[in-house]
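Before I ask anything, let me first share the structure, which is written out below as structure tokens.
In this document, chain identifiers A, B, C, D, E and F correspond to the written order of the chains, with residue numbering beginning at 1 in each.
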Amino acid sequence: MTGTFFQPVSGFDLPRFAGVPTFMRLPHVPPGHARFDDVQIGLIGVPWDSGTTNRPGPRHGPRQLRDASTMMRAQHAVSGMRPFEAARCADLGDVGPNPADIEDSMARITSLYIQVGDAGSVPLTAGGDHLSSLPVLRAAAKSGPVGMIHFDSHTDLFHSYFGGMMYTHGTPFRRAVEEGLLDPKRVVQIGIRGTMYDTEDRDFAAAEGIRLILIEEFFARGVEDVMAEARETAGIGPT
Amino acid sequence: MTGTFFQPVSGFDLPRFAGVPTFMRLPHVPPGHARFDDVQIGLIGVPWDSGTTNRPGPRHGPRQLRDASTMMRAQHAVSGMRPFEAARCADLGDVGPNPADIEDSMARITSLYIQVGDAGSVPLTAGGDHLSSLPVLRAAAKSGPVGMIHFDSHTDLFHSYFGGMMYTHGTPFRRAVEEGLLDPKRVVQIGIRGTMYDTEDRDFAAAEGIRLILIEEFFARGVEDVMAEARETAGIGPT
Amino acid sequence: MTGTFFQPVSGFDLPRFAGVPTFMRLPHVPPGHARFDDVQIGLIGVPWDSGTTNRPGPRHGPRQLRDASTMMRAQHAVSGMRPFEAARCADLGDVGPNPADIEDSMARITSLYIQVGDAGSVPLTAGGDHLSSLPVLRAAAKSGPVGMIHFDSHTDLFHSYFGGMMYTHGTPFRRAVEEGLLDPKRVVQIGIRGTMYDTEDRDFAAAEGIRLILIEEFFARGVEDVMAEARETAGIGPT
Amino acid sequence: MTGTFFQPVSGFDLPRFAGVPTFMRLPHVPPGHARFDDVQIGLIGVPWDSGTTNRPGPRHGPRQLRDASTMMRAQHAVSGMRPFEAARCADLGDVGPNPADIEDSMARITSLYIQVGDAGSVPLTAGGDHLSSLPVLRAAAKSGPVGMIHFDSHTDLFHSYFGGMMYTHGTPFRRAVEEGLLDPKRVVQIGIRGTMYDTEDRDFAAAEGIRLILIEEFFARGVEDVMAEARETAGIGPT
Amino acid sequence: MTGTFFQPVSGFDLPRFAGVPTFMRLPHVPPGHARFDDVQIGLIGVPWDSGTTNRPGPRHGPRQLRDASTMMRAQHAVSGMRPFEAARCADLGDVGPNPADIEDSMARITSLYIQVGDAGSVPLTAGGDHLSSLPVLRAAAKSGPVGMIHFDSHTDLFHSYFGGMMYTHGTPFRRAVEEGLLDPKRVVQIGIRGTMYDTEDRDFAAAEGIRLILIEEFFARGVEDVMAEARETAGIGPT
Amino acid sequence: MTGTFFQPVSGFDLPRFAGVPTFMRLPHVPPGHARFDDVQIGLIGVPWDSGTTNRPGPRHGPRQLRDASTMMRAQHAVSGMRPFEAARCADLGDVGPNPADIEDSMARITSLYIQVGDAGSVPLTAGGDHLSSLPVLRAAAKSGPVGMIHFDSHTDLFHSYFGGMMYTHGTPFRRAVEEGLLDPKRVVQIGIRGTMYDTEDRDFAAAEGIRLILIEEFFARGVEDVMAEARETAGIGPT
């Protein structure tokens, strides 16, 4: 039982276009709120895109996702699961990034995720560009390296851009392996595709033992088979 | 033979962007027109969205569909069928709804469809939100309950919204069963999917004998098999 | 002094694209909140457009205005006024309308505005279509007819649409005069312009003593002169 | 008296988004229609942009203008004029252009305008790019050169483009003077502005006696003064 | 070896949004450039849409494709091929069309393609509407008819539009066969689908021996099988 | 005389939508080009927005401005000036910024502007966000502080954002004064308006002797009078 406080507002009661928009119409429970420690799954916005090397804009992602997520309903059509009754979920608000300072922003993100973890919540992130993963992993790996099941078209395992820039949206998992946040033997990257700069990222993956599953292999083997391997590789450890 | 009056204007003769746009570039034959009684299939616009509980806009649908339908050509690529030679088709114009009064609008819609039916035409509707189906069914079921093969992601079988509102885009087929317009034993709903409020609509379907075919079942069985069942269920009676 | 609780979040502290968006980044203080009775100016969303006779969409207005209003800063450039220090302002949330029932929606709106007035707050409304003004006036005129200074291109003084529909976005002030909510002698409508159906609305204004100032007169006389007359006409009484 | 046949559909009777869209919601009276000879002002679409040397798209103009013109009402706000009672107006439909052949399209346009003129109607054109003016002038000047009051930012008096192309959106009035359709002494071009290729067009205007009024002169002298000169220059003769 | 001159600018060195955009960030080597004769594959823009019978706009295609193509990277993900090392590629610029004269534009296009062919380059075209193919084929077939593997939903084999217009986006391959540019026995058209005017184009294909593969056949047989047939049909001869 | 090399491509010769787009259709003369030292006015793109604290996107500005500037013609309508004959103008290309590193990007920008200045060219910049001005001023003030006439709605004189971030789009001229790049006594800022955070920037301007002209003063005095003062204040020294 979760009580009514953590239930999303139903579209039967309030039209979806009405109300201050929170993630999935859940209560807004930022750090400091009386119910903060009761949250089991905390949705967090990371409105930050300073690591992008091409088109910016993901900084506006969390607000747009809050708006779009007012379309959610309470029950899954096939499984019948009612997730908001299974766990106390809430919108924990956004990290306040510093759009002009990458290091400062990463410190702010890591700090919030440690606070959320200490309160016993599992965080779910709405980004933000892919570099967001690095400060989140720094919090997640506080007690040791973690595994990862990663769905993407790119590996994000490059060394650097523009003559030495280490922190970009194409480098977070390289940094995470180097910093000992990820255990490469327990990392699976699924769906890799698209044109390539060169093989630098794949060479690194091969050397470290990261398992890449190209989209062609994924389509050939099917969801069931690939996910069984992914679960086995990740073993006992979080994403 | 249909004569040239009921032939759509060809893109070989008049560019598609030219001319006052009617449905499929067919002649505009509103009630009162000299050829009204000769129409075999009448296309009708229902520019009405007062039943929507979320995003409005379908009231602009018929005008946009008229514009888009100027892309139609005369012959189907695979079957070779030439529908405009098989039946006399025309654009009968729009129902004039009352956007601020649901009851009045439904009465106007039902009234036009009865007039069209009395003239011997089969109507094809361009909506409009899903509540449009209710006044159309009221006309269609003038002489008794009808069957229905319905393709949608939602059942539209809910009881009410916002504390008792009976006429919305989520409730038309519940009303249609209650009013005796639909024979639930001869109703098939195909493609049901998406997140759910709760099981209220499915419970109603089960109790009344309405057959729901979820999208998962549809993909598993294929078009041929599902449509064979649908035709058998609907039996002898219209959609 | 207003304390820090009622201060908007500054763009110096949190980027404008971050955070759950409230009106002008003010605190969200819905009815029932501990600080509700301390609010002096309450911003209220009325996400409702059921009275529109043409293009719908204003129901999405309050959410878009919340997003856009995150651009506000604390001080006026010329007068140097700092409004958020002059009064305790807050976002009171939205009225929950019933998009498919005009009477029910108006009752809900009037009810919230009476509650806000009873708490001692001055409400500021973000609509919604123009019919929203009628239920707001019903609350405002609880103790007797009020005056009004109205800036618009239309008078919204028509009798009815579509053969008798009394509640639309073109009729609210006609209803307000008939219901005794507005004192027509203390009503000024400024900026009236555009093509006209006929003179029915202007005839009504003339008969009741409502003062219309066409946009041509406004440009000829200037802001100062017109506003002096408007203030004198409205006398002592609210808009 | 014009009778009800030529009255536009009112927004009080049918919502503006409903109905097959004609210019200003007037009746559709194409050549061959029983009432064609009764039309006093005929609105004609020329969906044609083959003369444009840069961005195409005006071919879609008439359809978009029909849609937008459903916003028109019956009476002018200041003058009180009711134009649809002063003259029998109708939508005569579109010229069917040949988008891939300039000469053929011009012949089609001129032919329709002669037919309309012979029926006693005054045509109003919704284009279309500026080259449309040339075939229209060919019809208008059937009995001798005409005057013109032209509002535009460009003179459209150039000789040719792309090494000799005589028929483009920048050359129609040069051709019209050369063909004896325009009497240059009775032509006024008002509002000329923007960057220039060179002075070729202005030299031509000066040599032929065409009066150019730059936007700077227009703002300095005001509407009344400029229009008085324009009327005097054009004298007795049509635009 | 191609040297660095013909290498595209890497996104590791210069962000994709920076720099004057050329096709795939290749060097701009127009006719007359010192390296023009060294180009092995030349990308050419044909910003021309005068043959379109419906929506214009493809004239803006080459510029938009240059912008979009800055996303290209150096290596194919599955095959590992690095095309820019396999051949010297360059952006040869655009043909300067005459948007108001179809014959003149076709002459300009053919002339450039002959010049490119004489320099030993293989041209790749970014259109432009489908009529662009005709002047390109006139250059390609300088020494005799060629074969063609064509992927499209339409055959573009019609005779004419609008009462005799021979050069439109629906007629280029009819003209190409008539002019002896295409050897119909070595032409395959793959993916044909959509509604049809009539069977005129298919009758012509059948009479000439052109092989049409409808999209239904394509899906039923699969890529491998269809392409094997296409290669066999085209035999030894270019597209 | 400037010769034909530095003349923009005319819209009479090549349609505006054709060709690789450079600023104003001028030749592309990047550093290293044989004619680089002959350029008198060099247009430079700074595709960089890392200093923005709200909406990103100006990084795409130079490419969009190149596209839009293909609309330019050769002569000014009123003055008759032909700027491209008065000076040899060229597109020098873009600075290659490092979107993830502010310091590195500023060093790259300053370096290019020093190179351009050393070659004797006057640079014209297409940004980019307002922080771009700081590295440009660092190059411009190589030999001593400069004056500035600045048209903007904001002063960009703030100290810092987000708890100490010194380099943002709101702080460049504060830094420029502190670094001795601007002589505050010779700086005029014209058009200041909009809501304010507080008076920190205006207090700084007053203390340093920077002249602010609010938009209200600008409208009251007129262009002539304000510009006379601005020229007198800036005295002999560049913007």
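Just so we're on the same page, a contact is a pair of C-beta atoms (placed from the backbone, for glycine too) under 8 Å apart; a residue touches a chain by one contact, two chains touch by 3 or more.
Just so we're clear, the structure is a prediction, and the values are computed from it rather than from any experiment.
Each step here moves to a touching chain, and the least such steps from chain C to chain E number 2.
Here the chain-to-chain distance from chain B to chain D, counted in touching steps, is 1.
Under the contact definition stated at the top, the chains bordering both chain D and chain F are C, E. Put simply, the chain farthest from chain D by mean CA position is A.
Farthest chain from chain C (centres taken as the mean of C-alpha atoms): E. Between the CA-based centres of chain A and chain E the separation comes to 43 Å, rounded to the whole angstrom. Counting partner chains per residue, chain B shows two or more touched chains at residues 13, 15, 17, 53, 55, 59-60, 96, 99, 161-163. Taken pairwise by the contact criterion, the protein chains fit none of the simple patterns, being neither a path, a ring, a star nor fully connected. Inter-chain contacts occur between A-B, A-C, A-E, A-F, B-C, B-D, B-E, C-D, C-F, D-E, D-F, E-F.
Interface of chain C with chain F (complex): residues 10-13, 15-17, 71-78, 80.
On chain D, the positions that touch chain F within their shared complex are 53-55, 161-163, 192-199, 214, 216.
Against chain E, the residues of chain F that register as touching in their complex are 13-15, 17-22, 28, 45, 47, 59-60, 62-63, 66-67, 91, 93-97, 99. Taken in their complex, chain B has these residues touching chain C: 49-53, 55-57, 59-60, 96, 98-102, 104, 161-163, 165, 167-168.
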